[in-house]
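One chain, chain A, links the two complexes that follow: it is found with chain B in the first and with chain C in the second.
So, the complex of A and B:
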């Protein structure tokens, strides 16, 4: 079992090794557990060599996109401009709470990862952007940074190497969209957290218009382990027949599941074993109905679809979904899927930054239709409208919040259409008889109603 | 952090090509690198529908209306925020792009009140236009619409949030061009609206531009509110008379009444903007207390209406008999009028004018653009025509001088000096009350909205204005009246057209050398030796 439960023997604790161990939170405790060796090693290396180790390890972005971390770092060239590292700790994807545990229990692991990455990208300044609601992680990371400064690990002469490494901790103000990388940069700059148009990409013009690398908390923490223990060690973890996904990954499990919590397994772990063996399946002898495997933005899987899936980027893609952030949301047979999906849509409608027309209006419209269906006032046309709105919301906006809202709706409608139809049919009084217009007008009379 | 040692100087890379060639809707175009697809499409004669993009504002890329299909791109690209690349093939009107636009239009309309019949913007609304062109005939929206109350933004601006499509043009204008960031996007999702900073109003001297920039009926001019429908208006190119900047404007009239002044873009003078003073500087053009017929003082000593021929002859006689002639000109007269006045004045006479002044109000984000201290359009022209600027121009009057008042309302003058005048002749739009008992002849003329001509702005740019409405009564264009008077005095032949006056003026005044009336076009040209006319051309 994963934290906060006793560890399951099939877990591979790398990042989560010291979860629940208060002694690991302090600098002394962290050093006693092998801390800051990675940074010391990295500072003795050429930045390009550090980039290459991470590149060789196959470590990919753990925030959701899965972009190879070493390649991202290698975009940063010593061009004389100030470089910045942003650590994205704005973990706000519904169902995801892995970074919170890293920051709560092993804040020094994150500081070490951030400092290591800063060296690798020629940056003197790094920002750790922590979600506004994360009070305890914020305190832990702030304390760790303070300790690291006091010990000379950070500052003008980091670990006595003459290299300047400054880390600032920034508290977000509570917007989901600020987890989007360019919105996070706007937020850090003191502006409204609106995503920026790309290009220019952050590696060209990011924070304060300067070359910037932005990585997830888990990615940076894992990178320190990679530097200390080598690319080969990291590469060895994963499905042998899939070298594209390597290492371990934290999965946050919540919903109708016997043992919710954070689990760390090697990528490529069988999803079936994960759900039923590690997490204990649905509680109280019920059956799992559906699973959102990678945070609320990814397509939903049915229980049957989960059986043959491997938990890595390629495995999830093969099943028509995404590994995402690793936030596993489990629904059992008591779950009302239309209501669950409406709740997700409401979240996105609430969090849309309001820049792009499709997202601002589409998320709210989707929500209103879904909530109307849940009130028993839906029509069968609504289902087609939902899919068409989703189509218009996908791939057309500055960031992917709009797509993220459309995705669970579309997959939920495809896989659980009968549940939606049942709600509509019930309202009709005679199940499954489509009615053209909810007002009861004939199509001709409804004609060009606005 | 050390830069890698550069190897022995490699051959310098070839200079980047100075132009990029691409194909837009099958039309080849060649544009400088860095141009957006949207601007390149304009050159191809293709309008990419858009809302948030405006050439005078930073690119936002938020309305997603200008999505175009670029071959080999995985997704539709925003034309406003995508730079051109060599060999690109862009489709603006294919199914994929049209379908996306249809989607945007449907989204923009779901919360829109569809109150075009009572909306001031109707008829000049881009939401209306594009929906008519390529939107859905109906909406699938069945939910209640979002509602927000109308808000007075202060100044001349009213905000109707229900019509707002959140293109943020107004926000960007206030923050980047006016540099007075009082507007913002407040709230998130479809609850978002344009907010105004607490305790601040849209009182910036240039804030009214947000009304023009708004592509829909969300920001309205209180001055124009419910005054006229856009399709009832007649529009004429003109030049603002509010100050010496010479902003290019459009005078909009309904039933021979000027009802609105809007800026006309001229990147060399006013970009796309006009200030509040300029926008509201039109009511005087509609004055009803005009001089409408020529008046001559009869034998009984009273002013009586006269035929034009007699009135002109009387005026010419009076002026020609002057021991010394002082011409008091308005700085709002055209170059043509001022030139003919200088003929009438002759070498022995004296020409004077006065310019009202007020505080200068620059538009920070635009080069060399301000509401100027000189609140008249043609002080520079008057100087070039040999008129002298005085704070108290009547001080030039010596005992017994004949005074010609050329369209001057005498505001701000020390009228005691009038007692020194001998005969007084008025040629203008009104007959000032102080002169009624003293004037020998009064000839009615057109005001700036009723005739055509040119002004010279403070940077020496000569710009044409056109006639916008008909003159009252028997009033005739100023240049025509003055030309006839000059001819009757034996000082040159009367011109047939304003272009004739301009040609004569250009021949007599070296500064205007090389300029022709037709060649000025509607954006004007600088006089010789003028300081570069403001801005970038």
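So, the complex of A and C:
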């Protein structure tokens, strides 16, 4: 199938094979498509053997950090303590909407992945944390869990093996920061979603202070495929000269693009072909100006820079950016870069949990300065101040939200400085009048700012 | 971004939302209490059921009042200050009554590039709200801008209560509102 557009012949559908097919949502439908064979296979294996298959496959975390999934699982030892698995379905990185499609079209694929991982890490309880705004995925995954219990796939005697596997769905309530792993754990414990200082790492003291593994929705879903089809099959997908990035990856494409949506390609796919051939380039014959390739937190690329990039962890790093969560945001030649970067900064200012001063103050000041530049009230000094603030915001806080705000601002300012300067123009030297924060970008919003 | 109403703006204060001077009526009685206890059994601590408990309150009453904060604190065995701290952290909980149809329009960068602000303005115009965060005179609508709804390829996504709409354009707004009873 393919959703929302028909599948492109150059895609490699593994996770997205049944997107758009409502019949795949039910247990019967999922089993008819080969579902729960991976879990059955995994439950017959020793947990260490499951860890090793995933380790050998080279599967890396698809939430953004790219940590090898099998190695993460191998941190969990049978120590007699309760272990927990957390599935991160808080997908809230602007530009990313792949987990949403996995959860709403193939919820059983996720349940199977979660259960498989639980076996591998000696856990009896798993929590699937889904952001509160995802009403349809929440419904689909909750229904899938219920069906799996009724069929004896989950519960005290999972698939008749005598192994206990309990999975619960936990609904978030609106907070970007809860996609950060330790913030998600705090949120699950009924606290404010403030990230924790590491160490201790989750594998030592995570959810409820117990050894915990936390994986992204896409990672867990892919892991079940790896168990069923083997490490060699998975490893064979990717650039032959780059064994560090293997398998397929879902990329979400949005913004000024002809065919937005999710595309699944093997890692190492040429970014140029991806943008222009699969996604159709900018709409209405316009030109692509810039692309944020891995969710809003990574450095911006110019259209020219996109041409020689490979879509894998190393390829993106070589181009000075990151693969991140695979959220591709396209800006065409009509996009007002300073205004859009200001909007992005406002997102981070709104979502800062406010624990660390650098982040709480830095995101707010960055937004205020950018918005004043967009109003034509900025000065050339402001551009240097933005970079200076950005430096103070990077690598100094508990989590990386602060860095995530500074990164697109700094790269946007470096690559599109002329657009910022054009907005300053003759206004330079005008006295700075502090404005109430937050100021809206719409005329109506500006009037309602508290 | 959830903007609060500006100073002097009217808030809906209809008894239907429970915002009156009548004594607080508990939510967690009978079947609702049983449901909460079932939820609590999923976690090793009662506090972990706090987000679900606040969701139950909001579903029953439309918002989370001071009385509800006290009730949740008491049934879960945590302090009211802790509950209030959590309540104010998460943007989806309402700390004051809102319109019957709570409309959230995503305007973060990807949607913004596709004209999300025109969608916001169409909602403000057609609902009669006029201003973000303010409830319409008839108590039916409240419109806010929301940060990334996680459906960027379907710009502009809009949430009306728990209904999630994709690819909403300014022209579609009157029809969308028609479907709100």
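Going forward, the second predicted complex is superposed on the first by the 424 of 450 C-alpha atoms of A that agree within 3 Å, B and C clash if a C-alpha of one lies under 4 Å from a C-alpha of the other, contacts with A are read in each partner's own complex, and residues count from 1 in each chain.
FYI, contacts are C-beta pairs under 8 Å (C-beta built on N, C-alpha and C of every residue); 3 or more make two chains touch, one makes a residue touch a chain.
Note that this is a predicted model, so its numbers are computed, not measured.
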Touched partner set for A:266, first chain B, second chain C, both or neither: neither
Partner chain(s) touched by A:80 [first = chain B, second = chain C, both, neither]: first
In the superposition, chain B vs chain C on chain A residues touched: C
Touching partner for A:191 - first (chain B), second (chain C), both, neither: second
First, second, both or neither for A:175, with chain B first and chain C second: both
First, second, both or neither for A:396, with chain B first and chain C second: first
Partner chain(s) touched by A:362 [first = chain B, second = chain C, both, neither]: first
Which superposed partner A:12 touches (first chain B, second chain C, both, neither): neither
Partner chain(s) touched by A:351 [first = chain B, second = chain C, both, neither]: both
Contacts on chain A seen with chain B and repeated with chain C across the two complexes: 175, 192, 350-351, 353, 438, 447-450
Partner chain A, residues of chain B touching it in the complex: 1-4, 59-65, 67, 75-76, 78, 81, 100, 103-104, 106-108, 110-111, 114, 137-143, 146, 165-166, 168, 184-185, 187-192
Chain C to chain A touching residues, read off their complex: 1, 3-7, 9, 42-45, 47-52, 54-55, 76, 78, 82, 85-86, 89-93, 104, 107-110, 112-114, 117, 120-121, 124, 130-134, 145-155, 159, 162-164
Complex contact set, residues of chain A against chain B: 78-80, 122, 175, 177, 192, 197, 349-358, 360-365, 368-369, 372, 381-382, 385, 391-392, 395-398, 438-439, 447-450
List of chain A residues in touch with chain C within their complex: 4, 82, 91-97, 100, 131-136, 166, 168, 170-176, 187-193, 208, 252-256, 260-262, 296, 327, 329-331, 335, 340, 343-344, 346-347, 350-351, 353, 438, 440-442, 444-445, 447-450
